[in-house]
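The data blocks that follow each hold one structure.
Here come two complexes built around subunit A, the first alongside subunit B, the second alongside subunit C.
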Partner chain A sequence: MRWKKYILPAVFLILLCIFVVYPSVSVLQESFKVDGQLSFGNYIDVFTKPYLYSTIWSSVLVACGAAALSTALGLIIALVVFKTTLPFRRLFAVSAVLPIIIPGFVTTIAYIFLFGRNGIISYQLLGIEWDVYSWKSVLILQTIDLTTTAFLLISATMVTLDSRLEDAARSLGASEWNILRTVTLPLLRPGLIAAALLTFMRSIADFGTPLIVGGDFDTLASASYTQLIGTYSMEMAATLNMVLLLISVVAFWLYSRGQAGSMDVRQQTEGVQRKELELSRPVKGFLWTVACFFSVIVLMMLVSVFLAAFTRHIGGDFGLTLQHFQILPQRGWNSTINTLVFAVATMAIVSFVGIVIAYLVTRLEFRGRSLLDWLTTLPFAIPGTFMGVGFAIAFSKSPLLLAGTWAIVVACTVIRELPLGLRAGVSVLSQQDYAIEDASASLGASKITTFFNIILPMSRPALLVTAAWAFIATVQTLGAIIFIITPGTKLLSVDVFEAVIRNDWGDAAAFSVVMLLLAAVGVLTIYLISRRQATQSWFRKLITSRIQG
Partner chain B sequence: MTTKLRWFSVLLALVMACTILPLTACGGGEDKVLSMYVAYGGPDIIAAEFERATGIKVELLTMSSGEVLTRLRAEKENPQTDIWFGGGSDAFIQAKEEGLIAPYISPNAAGVDAAFKDPDGYWTGLSLVIVGFLVNPDRAEAQNVIIPENWTDLNDSSLKDELMASNPNTSGTAYTTVSGILQVFGEDEGWEFLDQMYENIPFLEKSGSAPGSKVMAGEFTVGIVPDPHNLPLENPDASLLPVFPSDGVLAWPSPVAIIEGAKHPENAKKFVDWCLSDEGQAVLMQASPRVPTTDVETIEGVPQLSELNLVAYDHIKWGNERERVIEEFNNRYPQYQ
Partner chain C sequence: MVSEVNHQPYSGIIDLELKNICKSFGSLTVLADLSLNVYKGELCCLLGPSGCGKTTLLKIINGLLEPDSGAVLLAEKDITALPCQRRDLGMVFQNYALFPHMSVFDNVAYGLRRRRWSKDQIRSKVDGALALVRLPGYEKRRIHELSGGQQQRVALARALVIEPQALLLDEPLSNLDAKLRADMRDEIRRIQSQLGITTVYVTHDQEEAMSIADRIVVMNDGNIEQIGTPEDIYDNPATKFVATFVGSINFIPGEVTDGELRLLGCTYRIPAGSDLTPGKVLCAIRPERIRLNAGDNTVIRGKVKESEYLGSIVRYLVVVNDGDTSRELTVQVPVSQKPIGVGENVGLEIGYDDIHFFPGEP
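After this line comes the complex of A and B, so read on.
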């Protein structure tokens, strides 16, 4: 009987070894190969060839810039939304969260449409010409995309902030500006640091934006793509991804260290009333203007994607048309169906398996428990292109010849989203009273019965939130799957990317519209299923929780 | 509540099972599907017409010809596709050398000029891709840029940052441009010419068709593009001017080939036969109006071979020397890798 409790953990550990450890080791192995021989040559090349070396600094500098800017923007919007009574706060909050359903490479369409060399606003309205295909555009687009993450993380800290500390400062005669500077901001520090590090990680892993609007500006992620696709240098692609992984893992280590330290403070302050700050007019005016500017840009981008989908051709003939949508029935809706099926499968597996693993690591005692937790969480720190290259190397040769199957794509998206499912599960289960489970056990129920009758119903909110996240993330996923997609397993995101690379803005926008609708419908459905009050408050809480997909 | 969750878990199990099922369900006779990598214009129209004619459903991924080569190499052990449709003949020649494609001589290939097909039947040219310039006259006027008439004009200083082209690492058009210029000017002078030309180009696109789209969108004035007549034909209202360089038009055959180890070889053969049939050639002409390799009638606006000052571009030679030329390119212009 004793060995029985090891079956499930063992199965998960084996699967994780196959789909996390094996691909990662494959990348490591590949990076030390030159023409089949063991060698440090690739690493020497990366640090001596000017072009390759420059991608490291490009990646780090743009990621630092994007992290700083998006954290600042996120903070400003969060302050306006939660710490003032200024008009349009709700609209600002909505537009700060909206980019969730628009993946970065879709925003590029709108961006070129509006601000390109022949953009409606930049050139046709203002007559400005600038080198839009450069690092500046990468920085701008990533900042817009990542402000959402920063905003959610910072608001999560802000809503649980203990206002009594601000009151104390107020009664001691501090000005509102001084309260913000010396009390509020220091209290927000864990949130700010978390936001900065996570946005840094996401920026450095992004390969679509530099590829599309970067011109001859390359980052590690985009260079690894061109190395693999252009010059077919799997070894160099693997090497660049190893460097990328290293940077990302350092950021993740700093992040998780910061999280561990700040946990206790936050939980004590829950349930404390939030209070606005009475800031001076110029300060308020500045904050409001920035938030307003950001919202206008985001809303304009979203509208432009739709407009581009119905415009004959951007830059030339601005007549309305439905011609771009003809490509959808022509393609037979293949990729739309694939996207839907994969997203639903990923969603189901991630939320269910996430709870099961959460149950194992929070409720059961077995050897290898922390290893299971750690291995499930690890993919969160792994950049998408690293995973993609790893899967491409590991599963296109014997003994695990899985390339081209549905299973490999779903395995990839599941592995990418599972950390989220696990965290959501753990956060629910670690706050539950053990008493109900003990009661169930003492009435003679087996562990499995208890799991299905007690744990699963209790975890309903976490299940649904995870499902929503996993669904959107899968609809949008690109970097991790681009190398393992085949004609039979094509996804909408790949359709958009292909069209963007061909500069078929109309087609790209039409595919994007379908993709956006799919993401929106998916999330709405899940939100409606979760109509019960308790679940909805959990929904909001978890959406603003620390882990973003 | 509990029963509901029971049902939910059953549903979950079903979904999981469904994702694994397709894995085990393979085997048996050849299904009515054909998978292909495409570097040809209007693939969706062609796929739909082929399905109508034969009942075979086409699944496709579009990409540049360099990408196809990369993928075929990576998938050598377990080919994921049946057909490689379109792209630069240089890449097909290299694929033949590496054993990535399989020979098939279609009965319909007899009408194709021997210069435009592989003697051993590894690939067969479907149409000719000609390299020329696409100019946006509106932007040329606004930016005060000359309208180039020949290759030498591309080095005019007024075209600085107004010229767009694609990358020979990934694009067949770009490789033909580079090797064609080497043939026309000779290697030493050719590279010197290219050094100057790339001074005018701010960055390179991955896909051969992208520069044309950027010119049409009014973002650049001149693009080095495949089939300059195509976009003006599709968009009669756009401000576009095709230019066939007077000092020499480059052309190469755009082939079709069957992948070595294809999972649907019979369907693949049917596709090659169909592409070369009168019916297929007419569809191809509709989907992507190109100078044909057979005597099918061209539509209005597509130039006849006889009208063009065609360079006797040796696509077999340059196909065989692709690796060397690309290496030299990457050494000279590391920023474009």
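After this line comes the complex of A and C, so read on.
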């Protein structure tokens, strides 16, 4: 009987070894190869050739900049939303969260529409001619994109912050500004640190933005793509990704250490009171202006994408048209259907497997339990391009020749979203009272019966939200799968990317609108399936864990 | 309600037997070689402070924990190796552990469905169980719509409906407020005696144990300190721990010298047949056993330091001179007695029969 409990963990461990360990090891192996020979040559090149090692600095500097700026912006918007009664604060919150359902490239396209060489604002309105293709654009775009992440993480900490502590400071004679400085901000520190590290990780893993608006500016992630697609150097792509992985893992390690340390602050969620701060007018004015500016930019970007999709030529001819959408039926809706199928499959697998693994690691005692937890979480720290290159190397040769199949794309998206499913599962299971499962056992139910009758139904709200996020994430995913898709498994996100690369703005916008609608419909469907309070509170909670993935 | 309860004498038949149970978590020994018999139809209370091992013991009985060594026998059958779901035991959890996503009916029916009963059988059994706990008509309610006391009743119905060999209750009343706690206590006792079901009841509340139990097992640090009826435990505490844990008590050092006990300057003749040996001895007296008077012709005298009015009784803290040292004694008298002001002098009377002795524990 004893060995039975090892069956399920063993199956998962084997799958994780195939889809996480094996590709990673493949990348490592490849990075030590020069023309098929074992060599340190690639690493020597990376650290001696200026155009290669400059990408390391570029990546780190831009990531630091984007992390700092987006954390500051996120904090400012969170303060306006939760700590003031200023007008439009709900609108600010919505526009700070909106980029979640906007695919990454859409903001890039919109940015070029608005601020590019022929941009509506920069050229047509202000008459400025500037070179939009530079590191500055990368920094600006990533900051806008990542502010969402920062805002959600900081808000999550802010809603658990007990205003009675601020009242205590008030009663001791502190001014409102002093309270903000000595009580509120220090209590938000775990959220701020988490936000800074996660935005750093996301920025450094982003390869699309530098590729499209970076011009000559390259980061590790974008360089690894050009190495592979441009010069067909899998070895150099692997090496650059190894360096990228190292930086990302360090950030992730710092992040998980910070999370563990901040438990005591985050745990207090019950009986928390929330109250505004009565900050002085200039301070409020500053905060409001910044938040407003950000919202306007986000909303403008959204509008401009729709404009681009439904007008003949954005910036030139604003005549309404549906011509850009003709490309969809022309392609037989191929990528739309693929995107939908992959997203649904990923969503189903991630939410179910996530809760099963969460059950195994939280409820059962077996050897290799923490290994299972760790291996499932690991892909969270692995940059998308690394994963993509790993899959490309590992599964394009025997014994596991899976390249070009649907299975490999789904495996890739599942592996990338599973950390989220696991975390959501662990968080719901660790909140559940063990006594409920004990009660089920004492009434005669086996572990499997208890899992299906008690644990699954009780985790339903969390499962639905995980499903929603896995769906959106899969609709938008690009970084990893761009390396493994074939014409038969094409996705909308890849279409957008390719259209952008060939300067086909109208098509790109049309694809983006479809993606946006898919994501919105997906989330709405799940939201409507269960309109119960519990699900909605899980939505709020899970928003924070989703952005990590 | 209490009057309805008929405290049954021991049936003499052992229903649940624990033999030499040992359990450690890492280097921490929680239960050290514990043995206990629970008789058929009795309500046996495991009483002790938190961390004494009583919940661990209950989990071992229930099969949620495996003992390191020892055996659990239920109706003469060794069930030590059986998993929880195959043991014939009903369990009520501290926070009820009701399934929040199910209705009252589904909660109660859960165990019957696992036993693959037919629909009609389940309906009538559940109806019966809900009637037993006085919640008829609550089938369709959701759990969060119920009050704490009602949830407690559902938990009880759910545990009893499967007609277990024995019922286990883990601090079932600790989540209720004081008034409701007393009501539910009587209710549990009523149902238990009506069904005559062997019951193990874990609590840290000595008053609860005293009022509900046929027998109390006082536990401390993983050991059984004393087993006995409530009267036994209170009137003849076997150890210093039992004396302090159950009720309050005054400890005063005394001295035994050839046939006499000296206590607070007072001398008592030790009756023949006593096993007190000469030397120092720790004496213990319950606060309500000390009588107060005007103090004109008593040997033990003291001064009231504090007084506490508790409605039916008054509790005094009296300072008594004992040779070179002064001792503080708690004394409890009925409120009907003439009140004594703080600072007044009083005389104290302690009867020899009211003194408990703990030799070797000065």
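In the analysis below, the second predicted complex is superposed on the first by the 539 of 549 C-alpha atoms of A that agree within 3 Å, B and C clash if a C-alpha of one lies under 4 Å from a C-alpha of the other, contacts with A are read in each partner's own complex, and residues count from 1 in each chain.
The definition used in the following text is that a residue touches a chain if its C-beta (ideal position, glycine included) is under 8 Å from a C-beta of that chain, and two chains touch if they have at least 3 such contacts.
These numbers were taken from a predicted model, which means no experiment stands behind them.
With subunit A as the common reference, the superposed partners subunit B and subunit C fit together side by side. Taking subunit A as the reference chain, the count of touched residues is higher for B when subunit B and subunit C are set side by side. Once chain A of one complex is fitted onto chain A of the other, the partner contacts of A:Met458 are limited to subunit C, with no touch recorded for subunit B.
Applying the stated contact rule after C-alpha superposition, one finds that A:Leu185 touches neither subunit B nor subunit C. Once the two complexes are laid over each other on the shared chain, residue contacts for A:Asp438 go to subunit C alone; subunit B is not touched. Using the contact criterion defined above for the overlaid structures, shared-chain residue A:Pro50 touches subunit B, although it does not reach subunit C. Once chain A of one complex is fitted onto chain A of the other, the partner contacts of A:Leu125 are absent, as it touches neither subunit B nor subunit C.
In the superposed pair of complexes, A:Ile327 makes contact with subunit B only, with no contact to subunit C. For the overlaid pair of complexes, the smallest distance between C-alpha atoms of subunit B and those of subunit C rounds to 8 Å. Touching of subunit A by both subunit B and subunit C, each in its own complex, is seen for residues 453, 457. Considering their complex, residues 1-2, 5-6, 8-9, 11-12, 15-16, 18-20, 22-23, 33, 35-37, 44-45, 47-48, 57, 59-63, 66-67, 69-70, 73-75, 77-78, 80-81, 139, 161, 167, 169-170, 202-207, 209-210, 212-214, 216-220, 235, 237-239, 326, 330, 334-337 of subunit B touch subunit A. Residues 49-51, 112, 116-118, 131, 133, 211, 215-216, 223, 226-232, 234, 312-317, 327, 330-332, 334, 341, 344-345, 348-349, 352, 392, 396-398, 401, 403-407, 410, 452-453, 456-457, 485-488, 490, 494, 498, 501-505 of subunit A are the ones touching subunit B in the complex. Considering their complex, residues 433, 435-436, 438-446, 449, 453-454, 457-458, 460 of subunit A touch subunit C. The residues of subunit C lying in touch with subunit A in their complex are 62-64, 83-87, 89-91, 93-95, 97-101, 110-111, 114-115, 158-159, 162.
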